[in-house]
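There are two complexes below, and they share chain A, which is joined by chain B in the first and by chain C in the second.
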Partner chain A sequence: MISSFTKRHRKEKWFRRLGLASLFLALLFLGSIFGEIIYKGYPAFFRTVIARESGQISLLNPHARYHLSEAQEWIIASDDVDMYYKHGYVGKQTPTQIQTIEDLKKQGQIRLVFNTAFFTHSDSREPELAGIWGALIGSLLTLFITFLTAFPLGIGAALYLEEFASKTRFIHWIEANINNLAAVPSILFGLLGLVLFIHFMGLPRPSALVGGLTLGLMSLPVIVVTTRAALSSVPTALKEAALGLGATPLQVLFHHVLPTALPGMMTGVILSLARALGETAPLLMIGMVAFIGTPPSSFLDPTTVLPVQIFNWSRSPEMGFVENTSGAILILLFILVLLNGIAIFIRKRFES
Partner chain B sequence: MFKKELKIKALGLFIYFMFLAQPVQAKLPLRIVGSSAVFPFAATVGEHFSHKTHEPIPLIEALGTGAGIKLFCGGLNGPDGVITSRPFTLGEKEKCEIQGIKFEEFKIGQDGLIFVRSKREPPFLLTLQDLTQALAEKIPQNGTCIKNQYKMWDEIKKSFPSSLIRILGPAPTSGTYDILVEKIIGSCGPYLRHDGAYIEAPANENLIIQKVLNSPHTIGIVTFSFYVQNNTRLQAFSIDGVIPSFASIQEGKYPLSRPLYLYIKTNDLIAFPALTAYVLEFISMDAIGERGYLSEKGLIPLSPQDQEMMQKRAQHLKQMEAS
Partner chain C sequence: MRSVWLEKFVRSFFFLCTLSAVVITIGIMASLIGEALRFFGRVSVVDFLFGVTWAPHILPTGEAVGFGAIPLFTGTALITLIAMVVAIPCGTMIAIYLSEYATSSLRQILKPLLETLAGIPTLVYGFFAVSTLAPFLQSIAELFHITVAGESALNAGLVMGIMILPYMSSLCEDALHTLPTSLREGSMGLGATSFETILRVLLPAAFPNLIAAFLLSLSRAIGETMIVVMAAGLAANLSFNPLQAVTTVTVQIVNLLTGDQEFDNAKTLAAFGLGFVLFILTLFLNILALYGVKRYKRTYG
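For the complex of A and B:
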């Protein structure tokens, strides 16, 4: 009897320990990933600049010669100088160039400043001049289109399926399909977008419109599923009470069901938009991998988005792009954390 | 009421963005597609071109040589130019002609395939034949083709180190793989090994470099521009006794080199003066000269004769545009 008791308790103890261990392991993984990204990425937020009066044109960035007439006291150095000043990488620089940099150091004509260009410039092939502005605008435009397509369609479909549709075989078939679609790999939506929007409808290729519509298709099933879950969690007693007091089904829906289900619905929408924001695969399928050096000014302009720019940078040979890549990942993570934070805030706000 | 007005305004703003903003927009940028090996150079030229002419920065897509040519020759409203790591084949030329597309070829420089490994490990001398023994799926022996059985380097030659053959290189979809097969695979079929000695890496050379640096006895195949940018950490193997360098590739001594090309559509040069300007920038001394900004990036300049020929060809374009 006693031995069985201790056995059962020992089992429980072990189970708890295992749970704790897996939690720590997960945290360790997450921590090491974040640690590496932050460690590699934070230098991207600082840039080496050289005083204009030093006259060392060969150490400046390759585009500096087009702006020499502008009155700037400090000019961004070339990526090689940047790498040497920050990390001590000699790269392909000659000993005389290294000596010049050391001399500049002694004279105080070279220093690190906060890298505003990283936020105000668009993509460039020069890592010291490349920034995320164009990609950020592209992401916003694309997300706007995604929202416009996925939100009304998704909510509408979910409302109909949950509240009005009679439970026929056809409706069951559609429900099963939507649930399956929510689990389909995102690259297939890229293929769908390629065929539907580019080949069939002939919309301009690397544009926010096509990207947004494709991501909209991708988010649609997820929004339908989460919205339906939120709607079905509304207590039946609430609906029946309203119906019993003489409200029409439409009134019940808009006065009682929707306000109660709203936090859940909003969370679903925001999370699926956050997923769309971080998505690369379907956009690669519809050709949004182009090098685009200017921010888009409309929905039909050539556009790139933040994750695709990260993908492009990670394939670039220059050492400077390694830290740029991690820097851009940090920005993307920050935006995603922000969106998730908003989702949590909305849920808490409406629940109380 | 107020809410409704706001909604209508928002809708109006949206429609404005989508349609009215279009005519206001400046000139459309040039569109260049093609090889990912030429992509960094084409984009760099694009930026300098934009600074000099105040035209918008061209849109450049790295789709791969084959896919790029397919788009270029697919129709008259396709891209304005295509960058390739090999010349057009006869079939591709024919396809372009059927569509009524006239084009001009520009050789813009050379590239080399470099076998690299970490600086920490001693190098050994490789020949093309050794590479065939190490990489081909089937190798000739006594007049017939047999499956490649070499596992260790010292099985190929006694002087080689006794470590596993592990080579990371491009996947079959890339133009680089085609060149590799063309240059080093012998008479026994155009395939590289599939038994783990050759590892296909996705089109990301930084990944290959990371792997080479982190795992011992691993050799990577990268293009010259990646080698140049990372030569503090990597060392290159000499092939047939030739060390890869600017000079040896330019002179054609290094066996694993290939030319890079830019093709442009010449159908409506008059309507697109920017295209001629872009080509002129691409083959200017400022770009592909010995100390040009592209050689900084790892493009190996053309020989002086080739360069002169390309200059003449571009001047001819300019005359076509004027007439």
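For the complex of A and C:
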């Protein structure tokens, strides 16, 4: 009897440890992914500059050479110099160049400064001049269109299904449709966008309008599902009390149901926009892969978005772009964590 | 009277919003079927679904050859299988730990963390796969004198498994946590340990929902694009060797559509043929997950 008892409890202990171990393993994996990206990405926020008085023109970025007349004391070094100074990475540099860099180091005429260009420049063929500004603006314009498309339609559909619809077979079919649509691979929305917006409607190809509409179609079912969950958590007693006091159904909806469900709805909308912000595959389908060196000034201009630019950078062979890729991923993750944090905060704040 | 009129108006406006979702589904199906039909006008369905050579090109005679999609299907299956082998045991165990063992304060931290992690763009995982895991796997394999392709199925599959893990454990955790406490109390009151309660009572009770979670994760892995675009290859090898490079349906859709963009070309049209197969497959899995397992669900409490 006793031995069986100990055996059962030993099993219990091991099982519990197994659970803890898999949790740790998963966190370790995910932690190592983020650790690696942070480790690789943070140097992108700094860049090497060389003192003007050193006169080492050959070490400068080719574009910076033209600006020598401007009264700058420190001038951007080329990416080869940058890579050698930061990581000791030897690529195309000649031995003389390396010697010069070592000399400059001793004289204190080479140093790292905060890489403002990374935040204020748009994409460039040269890693030391490339930045994420254009892509950030592109993402913002695209998300704005996504919001305009998906938000009213999604909320409207959710309100209808949750508050007005009678449970007919047609409504059940629509519900099934939306639930399935929320789980359709995003790349298929890209194919829809390609046929519908580009070939059928003839909208300009790599524009924020087409990208935003495509992502809007993708976000719509997700918004419907999350909004319905928020609406269904509104207690029936609240609605019945309002109706009993003589409120019309519309008054109940706008004065009681919507305000109560609002935090949950906002959480869902923020999370689906965060998902749209990180989406790449459908945008590749509608031709948003081109190199765009200037920020878009309208919804119809050629546009790139942050994840697409990350994808393009990740395919460049230069070491400088590997660093930029990780740096841009850090920015993207920062924005996403911020959005998720806001969503969680709203949910926690209004839950009680 | 005005409010009645207004209510009718608002009601029909909301109804139109609802119809928009249906229009999207119809739009996806119409665009996929329309273009896929044009594709099958040039390449026969049998050659496409059962052909074993994928090297799409158009002969000078105008004949489209090399559109056998079997290597893409096997490549997708192999990578997805590796991902599932990683994600199912690990995800279920995490869900069990979080739902049954973790203190409520730990659960309150980890649950939002899982949901946040599930929202990380797959592009990030793809970049990790190419830039870190691929060289790492190669250097490990070198110790054992094995050659691993830089774009191996193992690499893409492992990272996809890690990617799917937060999503799957979150779904599984929901499945377990929504079970009524009376089930646990009843079992433990009869003297069962937590392990026995989980194994004999909770897992069987949550089984349909767990299967639904697995199916939704599977559907997500099959449709996953960025990880495989970055980490898996373009070479359509008909191979089940995880150390070799394989390609997937989604990789080829991206590859066919990001090159030349003549719409009237068998190569670009092939992307829609592949897209159609992908749509049907994920539709089947989603319906099975959302409705198929429903009839096996029991209500407790």
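What we mean here is this: the second predicted complex is superposed on the first by the 336 of 352 C-alpha atoms of A that agree within 3 Å, B and C clash if a C-alpha of one lies under 4 Å from a C-alpha of the other, contacts with A are read in each partner's own complex, and residues count from 1 in each chain.
What we mean here is this: contacts are C-beta pairs under 8 Å (C-beta built on N, C-alpha and C of every residue); 3 or more make two chains touch, one makes a residue touch a chain.
Because the structure is a prediction, the values reported are computed rather than measured.
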Which superposed partner A:G91 touches (first chain B, second chain C, both, neither): first
Which of chain B and chain C A:M319 touches, first, second, both or neither: first
Partner chain in contact with A:S298 - chain B first, chain C second, else both or neither: first
Chain A residues touched - chain C or chain B, whichever exceeds: C
Which superposed partner A:G287 touches (first chain B, second chain C, both, neither): both
First, second, both or neither for A:L271, with chain B first and chain C second: second
First (chain B), second (chain C), both or neither touched by A:N180: second
Residues on chain A lying within both footprints (that of chain B and that of chain C): 287, 289, 314, 322
Sites on chain C touched by chain A in the complex: 3, 6-7, 10-11, 13-22, 24-25, 27-28, 31-32, 34-35, 89-90, 93-94, 96-98, 100-101, 110, 112, 115-117, 119-128, 130-132, 162, 165-166, 169, 193-196, 198, 216, 219-220, 222-226, 229-230, 250, 253-254, 257-258, 261, 263, 271-272, 275, 278-279, 282-283, 286-287, 289-291
Chain B to chain A touching residues, read off their complex: 14, 17-18, 21-22, 25, 29, 36, 39-40, 43-44, 46-48, 50-52, 56-57, 59-63, 203-206, 225-226, 228-232, 293, 296-298
Contact footprint of chain C on chain A as seen in their complex: 8-9, 11-12, 15-16, 18-20, 22-23, 25-26, 29-30, 33, 36-37, 40, 152-157, 159-161, 164-165, 174, 176-181, 183-189, 191-192, 194-196, 199, 217, 220-221, 224, 248-250, 271, 274-275, 278-281, 284-285, 287, 289, 307, 310-311, 314, 322, 325-326, 329, 332-333, 336-337, 340, 344
Complex interface listing, chain A residues touching chain B: 62-63, 66, 89-92, 124-126, 148, 206, 209, 287, 289-294, 297-302, 314-319, 322
